[in-house]
Amino acid sequence: MSQPRIRLGMVGGGTTALIGPVHRIAARMDDRFELVAGAFDSDPARGREFAATLRVASERAYGTYEEMLAAEAKRDDKIDAVVIVTPNFLHFPVAKAALEAGFHVICEKPMTTTLDEARALAELAKRTGKSFVLTHTYTGYPMVRQAREMVAAGEIGTLRRVEVEYLQDWLATAVENTGSEGAVWRTDPAKAGQGGAIGDVGTHAYNLAAFVAGEEPTHLLAELASLVSGRSVDDDAMILMRYASGAKGAILASQVLPGNGNNLSIRIYGDKGGLEWWQERPEELWFTRLGEPRQLLRRNGAGATAAAIAGSRVPAAHPEGYLEAFANIYRDAADALRSPPGSEFIPNAEDGVRGLAFVAACLASDRDGNVWTKIED
Amino acid sequence: MSQPRIRLGMVGGGTTALIGPVHRIAARMDDRFELVAGAFDSDPARGREFAATLRVASERAYGTYEEMLAAEAKRDDKIDAVVIVTPNFLHFPVAKAALEAGFHVICEKPMTTTLDEARALAELAKRTGKSFVLTHTYTGYPMVRQAREMVAAGEIGTLRRVEVEYLQDWLATAVENTGSEGAVWRTDPAKAGQGGAIGDVGTHAYNLAAFVAGEEPTHLLAELASLVSGRSVDDDAMILMRYASGAKGAILASQVLPGNGNNLSIRIYGDKGGLEWWQERPEELWFTRLGEPRQLLRRNGAGATAAAIAGSRVPAAHPEGYLEAFANIYRDAADALRSPPGSEFIPNAEDGVRGLAFVAACLASDRDGNVWTKIED
Amino acid sequence: MSQPRIRLGMVGGGTTALIGPVHRIAARMDDRFELVAGAFDSDPARGREFAATLRVASERAYGTYEEMLAAEAKRDDKIDAVVIVTPNFLHFPVAKAALEAGFHVICEKPMTTTLDEARALAELAKRTGKSFVLTHTYTGYPMVRQAREMVAAGEIGTLRRVEVEYLQDWLATAVENTGSEGAVWRTDPAKAGQGGAIGDVGTHAYNLAAFVAGEEPTHLLAELASLVSGRSVDDDAMILMRYASGAKGAILASQVLPGNGNNLSIRIYGDKGGLEWWQERPEELWFTRLGEPRQLLRRNGAGATAAAIAGSRVPAAHPEGYLEAFANIYRDAADALRSPPGSEFIPNAEDGVRGLAFVAACLASDRDGNVWTKIED
Amino acid sequence: MSQPRIRLGMVGGGTTALIGPVHRIAARMDDRFELVAGAFDSDPARGREFAATLRVASERAYGTYEEMLAAEAKRDDKIDAVVIVTPNFLHFPVAKAALEAGFHVICEKPMTTTLDEARALAELAKRTGKSFVLTHTYTGYPMVRQAREMVAAGEIGTLRRVEVEYLQDWLATAVENTGSEGAVWRTDPAKAGQGGAIGDVGTHAYNLAAFVAGEEPTHLLAELASLVSGRSVDDDAMILMRYASGAKGAILASQVLPGNGNNLSIRIYGDKGGLEWWQERPEELWFTRLGEPRQLLRRNGAGATAAAIAGSRVPAAHPEGYLEAFANIYRDAADALRSPPGSEFIPNAEDGVRGLAFVAACLASDRDGNVWTKIED
């Protein structure tokens, strides 16, 4: 017998939003959720109109998130969780209010715009006992999970070096001046936070490095740049990292390098082997044991680990992608909401805090002349 | 305002089925359908139990498809369409009954096990005015649709040669003797039809060739083989094709070549250019204008055609895959069911007939000593 | 102590020739040969002038091959071998005269323009006891040799299917009408032989298939086409092959498919595994054992076989290419000339006969309506 | 009429040497050089014996380089240039003596073991008027030269970022303790210089960055590591770079990352486009104009620049590789020796000085706590 669907109320994600539809598809993919309420737009009327296109009942199409939380709290069939897909600066107030109102939270990254907010939120989540799921999409890819499991199983030996790149080119020109809504808020420190590329894609990269390595660096050294002139936040960043174990790492995060679409990759090496993965060809994980031929591991294929199999819906060589990775986060979230704390794979409030600690350390290191800076924990 | 969801009743697709879950995810992806009824299993009790896991109401969990059609026909909230995901030999009786009962049909390929059945079904669909959607998945890939549009727009010039390969290795050993349910019926002529590989993957390949070329061959020459000894149907087939225009084509369909997962590809060349696509890296379409550098076109990226954009849910470089391709078939089907005949991209009963004509011609050519054989239309 | 260099006299390979310089570089690469004589051009004066650019002594720069053979035969420091790099129709008379004059022969493919000539030449080589080396370049690639050794060692099990493609696009338009010298003779049956693409690239493909499989097919079925209108020879050919063992094969040889440079590939599958190689990325050999991950074997890297190591000059990942493959043929030829018969890897007169038997069978099969035709041996 | 061959005397490159044979093949490839003398080994007897295998006349097989320089200076047919392929610490004394004796020098990188030596040598080269060619192999690749020309022609616009990686794994274990001769001297500061990976592969990477960008960075920040414990020199290095123009750069040089053979790559981005090249697939250069599809440029193919064509021996898609790249350096060197200064593409003494300045700056930056350090010029 199937369990009832988890009821979601969404904040943000209206007409022009990019990530809102992704959340809705991901939530729907495995039929564990239903979207029953929402405050989809900063313009209440537009939000309500949009809600109708999603078959959200008109009485649950709210003008503001405050309104939604208040009204839902009183319903018998009230929502279980709030999905937050607004610009960054709203993550904190919405999540805070949602947790305080007794709802679970599923929130876009970065968790907040400052480290203090992130810590406050993590604290609040702990106090309320509610789940806080941070949608670090890329940890949902089966081959990323397989990489994590292989590293944990000692397949590459003692960690030597982690290289993560997250390269895009959609901000290669000043599109924020020509009307791209997503670019406008992402390059506005008041809305996105002080970090530009480091917040938008750098936090994904940092999280991916930690997720796969199973280890956090202790210090970093960052050089931030705004390669498009006139931009108020960094759009290009190189970050060096040090691990307590002596291992080294680097993150290159840039949104201004022509020819890069969503070119996220991780390469991780130990003394016994190496693993390499590129998000744009997510079904393929390269594995080499030192001195042996390179192997191309494929999702749900020969050599698949438990998590990679669990995270697969279709057989090997029937490509799954970004939406399925995202749906894996939701699937795990469903399990976690029903029986906390859920899978080790779910990015949570602690990960969110670490993401903001990363951003804070990057900003400090760069401000102080690219010096080694402790990543606070 | 959103339209109500189309109501589906599914036949087949129970516990151990492979393609049933794929249809359910694809149908759900864009929220245009809901699964409300089903006869999921040849064992009625097991089917009803399974229905519960899908949240299908117990009174709509039927023991047989006949029961379902009869009961649903009387309901006010009756299903709109029947989804057929049974072994091949049941496609015909189920589809026939469904069409006669006034329901639309969404059916797995191959349409039937014989050309006569296929023709009868196409005739019936025409007579009843109901939609018949054949789920030739691969036509749902945005880059396949883009290839079709580019060929139609003259980007490769006059057609010279089409090469399609559909290579797998899951039947490389006699797994039908060791319990693989899918292998058992697929290698049993009574259940799968006389064609083995030519029916199971060859019809996909043939359909893909026609879809992209925008042209059907008139004759073929086929050599079929059962490379795994003791097998009752072909598991490896090479087919040469001739087009009225003088163009040439070939299909290699094999399920016994180690190292091939679901290696479907199409390469199509004209006098001005060429296009190449591999299903295992579905986001990438190679395009070369004669005398110019090779270009790597990506879904929803620079140079995207209308259909590729329409078939995309997320930006370029956020990989979509097999499930999204499948969902594109469902999305188009939804449009077509609401306002027939719908998009040119939907594989329909005519395509089903052509698929069986292809199988029939392959069998005849091979039986007669690999001679050129007219593909009936 | 090093042995003295083998002395070469070249016929053809003058100013505008493409393959002449390749032979000279290949011969020079490992310092086992020196070019000391030549009749480089059908125009004697131009040939002598060209000889000077190669530092060939003026008295050994001959006007014709007959002149060269006569004069060299009388010298104490006479040439050891004649290199034939003329258009196809001259291979026979030059090789015949050279063998009769007591010289070894290194000859471009196809060996001759007819099967009768090829047989006569093979007979003559046997009678004279002289070496006849046919420069089937592609057998010189280390990874091709490794593939042959792996097949012979049973790594892929019992042969199932061999797929060879040799695709180009340089004849995609009627360049023979616009002055390309190479195209003029290659599309003229009087100079190239009756086979166009089947002779020019098809014989390479056929030889490669046999070289790697270690087995010759017994029958073939060919469909030849001249896809560029007005052309007197085939420029596109699809050939099916049957092996005595029951294995299947296919060759696609075409010179008119836009986007293909020198796209030669072989994929060979048995019941236990598969191997795949593309000439344009010659350092990489894909190997899959059924049920295991795909492996990327690299020249001189992990898993290298004896022949691949012997055929390497530099470490793995320092790319070797076409010229080194060609030089491997020359290197083996040097060994063979000194101590016949030399390595199993050297393409010889028997291979040449088989190449022409292949061409003859293709022409016969096509002429008779694409029927199965015995490949004479 | 051909010019006489340039006569070479080689120092080092005896029996077990890796790079000696590469130089000899490269020098021979285009027939512009002949090796007539040498002091091939630190053990004179062994060196003379080895010379015989190269057909070097016994009276020109010298026991030491001093002997060679003295004897050759007196001959009428004396050598034109000295090729230095010894361990690093001998580059300086041998080159100095050779220049002073009036010979041109062709020398392996790094030029010397210290910046002072490098400057002295550059000064000496200038004073003597002799050519000093530094064999930075990778600048010999046609697609690298094409990248340089495209950058210079403004194809990528204003420089934003250069990423160079040079990754290997042959030092992933302490092979210096198990007898690898190359590893022994390369990890011995007395023989290799203070820089390990930064000297051995880092200088190549730095040179490549400068060669393609057409611009030198002014400052760098380096973090060096010895990831294999007990090693006396760095085997892993991350270097950040700054250009006067505001552009950024990074070099990752490591010899201890499993799965990397000779994985040198450069990716260079401007405000209008990007170029990407991997040494292990050297025939392919990826080019993207911002907002357009990615293009795969191939050596000697569509879009080839003058230098790429000039640096090609065979048509596109007939792979050239490492030896041909090396031969391009020699070919240019031949031209330069005959009519100085020769091509802009030849790495010279100035490049050598910059390489050592790079090493010195890396060592200083790392020693001082990974701080920005001026690269001296």
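As written, the chain order gives the labels A, B, C and D, with residue 1 at the start of each chain.
In this text, contacts are C-beta pairs under 8 Å (C-beta built on N, C-alpha and C of every residue); 3 or more make two chains touch, one makes a residue touch a chain.
Owing to the predicted nature of the structure, the values given are computational and were not obtained by experimental measurement.
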{"item": "Touch-network distance, subunit A to subunit C, counted in steps", "value": "1"}
{"item": "Centroid comparison with subunit C (C-alpha atoms), farthest chain", "value": "A"}
{"item": "A-D against B-D, pair bridged by the larger set of C-beta contacts", "value": "A-D"}
{"item": "Distance from the mean Cα position of subunit D to that of subunit C, given in whole angstrom", "value": "35"}
{"item": "Whole-Å separation of chain centres (CA-atom averages), subunit A against subunit D", "value": "43"}
{"item": "Gap in Å, rounded to a whole number, between the CA centres of subunit D and subunit B", "value": "55"}
{"item": "Touching two or more other chains - residue numbers and ranges from subunit D", "value": "287, 294, 298, 301"}
{"item": "Sites on subunit C touched by subunit A in the complex", "value": "287, 291-298, 301-303"}
{"item": "Interfacial residue positions of subunit B with respect to subunit A in the complex", "value": "1-2, 5, 18, 21-22, 24-25, 28-31, 52-55, 261-263, 279-283, 298, 301, 313-324"}
{"item": "Contact set on subunit D toward subunit A in their complex", "value": "156, 160-161, 163, 169, 172-173, 221, 223, 225, 227-228, 236, 238, 240, 246, 248, 250, 252, 254, 256-260, 267, 269-274, 276, 286-290, 294, 369-372"}
